[in-house]
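Presented below are the structures under discussion, each in the form of structure tokens.
Shared between the two complexes below is chain A, which has chain B as its partner in the first and chain C in the second.
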Partner chain A sequence: MKKITAYCRITDRQVILNGKEPDIAFSGEPGSSRLTEIYRYLDAGYPKFHKMDNLSKAGFLASEMVLRALDYDRETPDGSTSVVFANKSASLDDDKRFQATINPDNYYPSPSVFVYTLPNIVTGEVAIRNKIHGETSFFILEDFDAEKMHTFIEWAFSSPGINRVLCGWTEYLDNHCDVLVMMVEKESPKGMDYNILNINQLYLN
Partner chain B sequence: MIYKLSDNIISSLGFTTAANYKAVLEGKSGIAPGKDAAGNPIAISRIEPEIVEESFRNTFKTKEKYTIPEQAMLLSAHIAMKEAGIQAGSERTCFVLSSTKGNIHLLGLPTHGFGQDRVHLWHTAGLLAGFFGNPNTPFTVSNACISGACAQIAAIQLLEQGRYDHVVVTGMDLAPDFIVSGFQSFKSLDEERCRPFDARRKGLNLGEAAATIVYGKEKKKGISLIRGSIRNDANHISGPSRTGEGLYRALQTAMDGIPAHDIAFISAHGTATPYNDQMEAIAFSRAGLQSSPVFSLKALFGHTLGAAGILESIIAVKALEQGLVLPSTGYEEPGIEGDITISTALSKTDKRYCLKTLSGFGGCNAVLLFENTL
Partner chain C sequence: MEELILELKKQIIEALNLEDITPDDIDTNAPLFVEGLGLDSIDALELIVLMEKNYGIKLEDPGKSKEIFKSVATMAEYIEKNRTK
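And then the complex of A and B:
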């Protein structure tokens, strides 16, 4: 039976990892500085984090917490895990930043801003960090939809050799963060039942 | 396995698949000299907006205002669905949109008057389904340059689930300043027509297109999409893997059980950037495809981003149906390390299968396996 074996929720209000609030001291307003505070709390030692756009940072942090909670082995190349994320605003947060830098005086802005104008880059960041060689996919929905998320997870599981799907709603726009990342495992003795109702419940929490 | 009922391509080479395929056989390229917004020379395959508007007006006679990317997308879907003779408004029909940037040009037009939702891809997809009176929430894939393959893989899933009889897969991306300046910042554009797999290749050309395939689940003769696979390099967000790891893994999964000598050809990604083409050669070679002819269509259409996987699949399976292997335009001088066979001239094949491959930012790779059933 498939189970949801870990999940992490990051919103403007709080961070929740498997039902508990980690003891992170937030000092500022919601937004990118909070993401940095979560990063410091995790003591991840991954300088690439600071180059990421906010969408990637948010998805990365939630994934990092989920995988740590599962003692995931990030050193061994893993062809049996897929990363499937979705959101509402694609990479619009970074798109706006990039657009603001295009002007006749500086027509060739920074490539490091441009590369994040694709929403699926966050799935790539998670794959690189954890040596995940399964599928990486990104879908856009008007709003969070547990039934559609369940559908995307099922699609990912239908590919041969995939036993785990790291799935998430990774929305970040204009300093507002709305992220749910969960691990669904094909054969797991423990964890929460994997169904649409529970996915929805985790999001509403 | 799903079955192709019809298709359409809208590009600088024409507004029908027939016109585009004819141009390909004649070796015509849509890539022409142009300028970026800073006045620097680029080579690009652009669709004339006036022709899109005229065609749209004549086809739909609507008073509503639509952006040029929307018009191209709607025209492409309309032409393909008409050919297939399916009911667009049926609850047994579902739409899948593949786009990387959709209406992104609106960000540079603060007074566009279309409302703030218009720049969102979910809005574009909703408009696609809604325009044709379809009641189902459409699916939207935005997975960089492999989106067009992902959308077709989604079509397999949707049809095999049994909830739909037809899936309309439409890809669309134009090349506004946003995209051109981004690729310029990466220094990945060739000022001249690109040369995929050639020793002198130095970058890609961008292209504009909308393309549609209508798939059904009723068994029929002709082209079927057997399966597809998506795998990640886990190496770098903007540089391909030196070992072709993700593409190699995707090839293995997609080819499962089909021997390499049964593959008529590979329609490669072949962007003509130095690293991409080299990476593909390594992956093809690792997958035992050294003898399968490889071609890229990028020197004809440019890189059409979210439309590429659909547009290039359509051209590839047209050739497969006719028993032809297309030449890889722009290739003259061997310049790839590794053992692969670049197709240098139009040739005949009697093999039934072909592969379409794509790779993109974020380290993603996709492979589609098509069959021609006589």
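And then the complex of A and C:
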């Protein structure tokens, strides 16, 4: 029976890892600077983080916490894990940033902002960081929908050799962060049952 | 030249979001790519934009980029000779 073996929730109000609030001292308002505070708390030592857009930062941080909680071995290439994320606003947060760099009077669109104008980049960032070689996918939904996400996760498990799916909701727009990242494992003796009800509960709590 | 090198280091830090790095941390003669600052191809594009935006230099011969972006010193040298602003 599949289990949710770890989860992380990041919202404007709080960070929750497996039901507990890590002791992160936030000094600023919700938004990009708060993501940097979480990064510093994690002491992740990954300078590329600072170049990411906010959506990728949020997905990266939640994934980082989930994988650390599971003592995930990020040094060994892993073809048995997939990454499946979804959200509502796609990459609109970065799209707007990119649009702001397109000024007809001072025309210097930023290449490094442009590369994040696709929502699935976050799945790639997480896969690269953790040497995850399974399939990655990103879905855009009208709203958080545990039933649809359950279907996407099941699709990922139907690929041969996939035993784990790092999955969830990674929404970021206009300084508002709404993220739930979970690890679902095919065969694990511990963890909570993987079903639509529990996905909903983790999101709503 | 020293002033231009310092200015360039500050601009590189800002353009490439090199958080936690100060101008003093950047070795003027160290390679910018792979080793040294470990920049990538997207960073190279940002440096091309930086040269045009801040110094009015359009790099029209991609073959020259490797030499120009070898280090902060080579960038500064090229800017000194070719700047239009």
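Here, the second predicted complex is superposed on the first by the 201 of 205 C-alpha atoms of A that agree within 3 Å, B and C clash if a C-alpha of one lies under 4 Å from a C-alpha of the other, contacts with A are read in each partner's own complex, and residues count from 1 in each chain.
Criterion: a contact is a pair of C-beta atoms (placed from the backbone, for glycine too) under 8 Å apart; a residue touches a chain by one contact, two chains touch by 3 or more.
These figures come from a predicted structure and were not determined experimentally.
K.L.:
With everything superposed onto chain A, say whether chain B and chain C fit together or clash.
P.N.:
Verdict on chain A: chain B and chain C fit.
K.L.:
Go through the superposed model and pick first if A:Q99 touches only chain B, second if only chain C, both, or neither.
P.N.:
First partner only.
K.L.:
Put chain A at the vertex: what angle do the Cα centres of chain B and chain C make there, to the nearest 10 degrees?
P.N.:
Spelled out: centre of chain A as vertex, angle of 80 degrees.
K.L.:
In the overlay, answer first, second, both or neither for which of chain B and chain C A:H50 touches.
P.N.:
It touches chain C, and chain B stays clear.
K.L.:
Could you say whether A:K88 touches chain B, chain C, both of them, or neither, answering first, second, both or neither?
P.N.:
In the superposition, A:K88 contacts chain B only.
K.L.:
Taking the superposition on A as described, I'd like to know which of chain B and chain C A:T123 touches: first, second, both or neither.
P.N.:
In the superposition, A:T123 touches chain B alone.
K.L.:
Applying the touch criterion given at the start, work out whether A:N198 contacts chain B, chain C, both or neither, answering first, second, both or neither.
P.N.:
It touches nothing on chain B or chain C.
K.L.:
Could you look at A:S158 and tell me whether it touches chain B, chain C, both or neither (first, second, both, neither)?
P.N.:
first
K.L.:
Have a look at where A:S32 lands relative to chain B and chain C in the superposition and call it first, second, both or neither.
P.N.:
Neither partner.
K.L.:
Spot which of chain B and chain C makes contact with more residues of chain A, would you?
P.N.:
B
K.L.:
After overlaying the two complexes, what is the shortest C-alpha distance between chain B and chain C, in Å?
P.N.:
It comes out at 6 Å between the closest C-alpha atoms.
K.L.:
Go through chain A and flag every residue that touches chain B in one model and chain C in the other.
P.N.:
Shared contact residues on chain A (touching chain B in one complex, chain C in the other): 108, 110-111, 115.
K.L.:
Considering the complex alone, what residue numbers of chain B touch chain A?
P.N.:
On the chain B side, the touching residues are 36-38, 100-101, 104, 107-108, 119-123, 125-126, 137, 139-144, 150, 153-154, 157, 177-178, 181-187, 229-238, 245-246, 249, 253, 256, 360-364.
K.L.:
Please give the residue numbers of chain A that touch chain B in the complex, ascending.
P.N.:
Contact set of chain A toward chain B: 77, 79, 83, 88-90, 92, 95-96, 98-99, 102, 104, 107-111, 114-115, 117-121, 123-125, 127-128, 130-142, 145, 148, 151, 154-155, 158-161.
K.L.:
Help me check something: in the complex, which residues belonging to chain C touch chain A?
P.N.:
16-20, 38, 42-43, 45-46, 49, 52-53
K.L.:
Would you tell me which residues of chain A are touching chain C in their complex?
P.N.:
36, 47, 50-51, 106, 108, 110-112, 115
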